[in-house]
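In the two complexes that follow, chain A is the common piece, with chain B as its partner first and chain C second.
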Partner chain A sequence: MSNKEHDVTRRQFLNYTLMGVGGFMAAGMLAPMVRFAIDPLLREEKGGKMVDVMAVKDITTEPVRKTFSVDRVDGWHKFKEEKIAYIFKDDNGKIIALSPVCTHLGCTVAWNDDPAHPNQFHCPCHGGRYTKTGINVPGTPPPEPLHVYETKVKNGRLYLGEEKPRGGA
Partner chain B sequence: MFQKLYDWIDERLDITPLWRDLADHEVPEHVNPAYHFSAFVYCFGGLTFFTIVIQILSGMFLTMYYVPDINNAWDSVYYLQNDVAYGQIVRGMHHWGASVTIVMVFLHALRVFFTGAYKKPRELNWIVGVLLFFVILGLGFTGYLLPWDMKALFATKVGLQIAASFPIIGDWIKLLLQGSDIVGAQTLARFFAIHVFFLPALLMGLMAAHFLMIRRQGISGPL
Partner chain C sequence: MNWQAIDVKRYLQNKEYIDTVILPLVPLSWESDMLATVREGEFALAIASAAERELHGRVLLCPPFAYLKSEAMSERMKRLKMWENECRANGTKFVFFVTSDVDWKRVEEECPGLIWFASAPLEHLEARHQKDVIEENVEIVLKRIRTEWRS
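Up next, the complex of A and B:
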């Protein structure tokens, strides 16, 4: 056989065969390990379970501080995460549950504890303030409103889920 | 594209002779299974190296999930084996590969012994090979404790009692390995450090010496 009739030389053929087989073996070895390593990327995000916090009939128009705990799973480590919500009904009767984590630098805000600014959420760290519905007061440090918890009402009980940011400033 | 990239690097660094030196290295007829099939016994050294590469790779990946602490070690192994994708395979590679490595080392040593390849001028390489064997046994011993189950605990207790039976300094060796008066938290941390840092570093240094020597001296002649 001469090379004129064939596009692939014997040397090339052997090269491709060896590299192909070698590549296949290397891939077979590495594939499980790479999939193992990138597992956190490919995990399906489990929607957090909603947690029973309080009875709907006890919710007033005044924000009330409620603590509740969420079951968290971190690999082989399972624990309860303590969370705080300020719960009230707005003017339209809609239930709102605010996360008290200041959107400035993450301190915990409190309701109505600053005599100079009644009926506002106030952050002790840098004087950030929010209106009753959690909207940040212009001219104070926070860049966005307080996050709100997902809410669900079932059998007269209020259930809270994940806290989510909301648009606007 | 790869050719261009290769040429660009080669033009500057002249890397071709580096791998050509290995690729063009002639394998003598008496060690080439293509000529004499029985020459497959000369593959055991290379196969040992291959299994060690698998051990190093799978071990590196296992440490992404494993935690060397008495409260979490077992749970982290359980988690990585049962909840992480391909965990069973990656841990299986490391677990079974450990035994295969020791079998391969043993077969390689038998081949060297029965072909008389350890004789002058290759005595030093035999010595390094025996040291490698001990390092690999050490890796097996320290790795056995890491899952922190009952088998791991009691096998290590037995192993440390054997170490303690060494004349005169036995109790010191045991305490040094155990790091505490019981097989516990400090033993686990210590074995982990030995298993993933000290012994692998020693292993790689000895392997480099092993390979440089065989390259320098060439493979021993036919029987």
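Up next, the complex of A and C:
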């Protein structure tokens, strides 16, 4: 399985993104075959695979920042994309994994780092704010809530897939 | 935003929000210091790109300002000022130069947007360690930029 994949370093990530890598071409030919070997439970709608991010027992009601990487294809160019998720349980015990990419213009928001607005996500760029569940605070620039990752739990581990917008503010 | 058509389209539509330019300063040399020179540029580019990711919505990461190590500082400065003026004439309020080349430290006073950090030989570091080193230095850049934004 692919648990090792999120150990891909920023450096490798940079290599892949900045230079493009021939070896990845070969991987490209193998990937379609490998895809069928992936546990169907961990397959996303589009057929990509979900990534093991953390143990479910370590998830609390306080959002925690986790990074992981996924394989991406951009035209002919294959590379690793590094992703961030803020993971926590909501009041009903449901696991939520938020993408910290601000829905205004795409800066990376942080949890609870603005003393003037405790327990919110805060964007360093134009003062965008979101509640703990990722709902954009009216009167700040973001036009919609933070996107949420598809989540799946298997053998006590949390797996994340694609991030999706959710309607309504 | 990166210097790519897809990002620049967004830039043109949202110019009032994207008021900051990051310009990596990348040295070239084939002398005995070639390897160190390459490292400095590589490191600055890595840090600049990581900073862009965090501040995507307000920052335009430009292609590097490249120069020969043998180019006189006064010449470099002249060219760099031209780049900076061009940015400012087009509505950029903040211009930051990120570099690991110690040459620039000597002219820090004349170059208020300069952010210098020591380069690390990334290729010798273990994966996990690389990530830490990069993150530490990105933090320096982010702090500096956020402080200027607030002032």
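Rule of thumb we're sticking to: the second predicted complex is superposed on the first by the 120 of 169 C-alpha atoms of A that agree within 3 Å, B and C clash if a C-alpha of one lies under 4 Å from a C-alpha of the other, contacts with A are read in each partner's own complex, and residues count from 1 in each chain.
By definition in this document, contacts are C-beta pairs under 8 Å (C-beta built on N, C-alpha and C of every residue); 3 or more make two chains touch, one makes a residue touch a chain.
These numbers were taken from a predicted model, which means no experiment stands behind them.
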{"item": "Contacts of A:D91 with chain B and chain C, given as first, second, both or neither", "value": "neither"}
{"item": "Touched partner set for A:P124, first chain B, second chain C, both or neither", "value": "second"}
{"item": "Chain A residues touched by each partner, larger count belonging to chain B or chain C", "value": "C"}
{"item": "First, second, both or neither for A:D74, with chain B first and chain C second", "value": "neither"}
{"item": "First, second, both or neither for A:G106, with chain B first and chain C second", "value": "second"}
{"item": "Interface residues of chain A shared between complexes with chain B and chain C", "value": "none"}
{"item": "Touch list for chain B against partner chain A, complex", "value": "54, 57-58, 61, 64-65, 72, 75-76, 78-80, 83-87, 89-90, 93"}
{"item": "Residue ranges of chain C in contact with chain A within the complex", "value": "10, 14, 17-18, 45-46, 49-50, 53-58, 122, 125, 127-128, 130-131, 134-135, 142, 146, 149"}
{"item": "Contacting residues of chain A [partner chain C, same complex]", "value": "7-12, 14, 17-18, 101-102, 104-108, 123-126, 141"}
{"item": "Chain A to chain B touching residues, read off their complex", "value": "29-30, 32-33, 35-37, 39, 42, 75-77"}
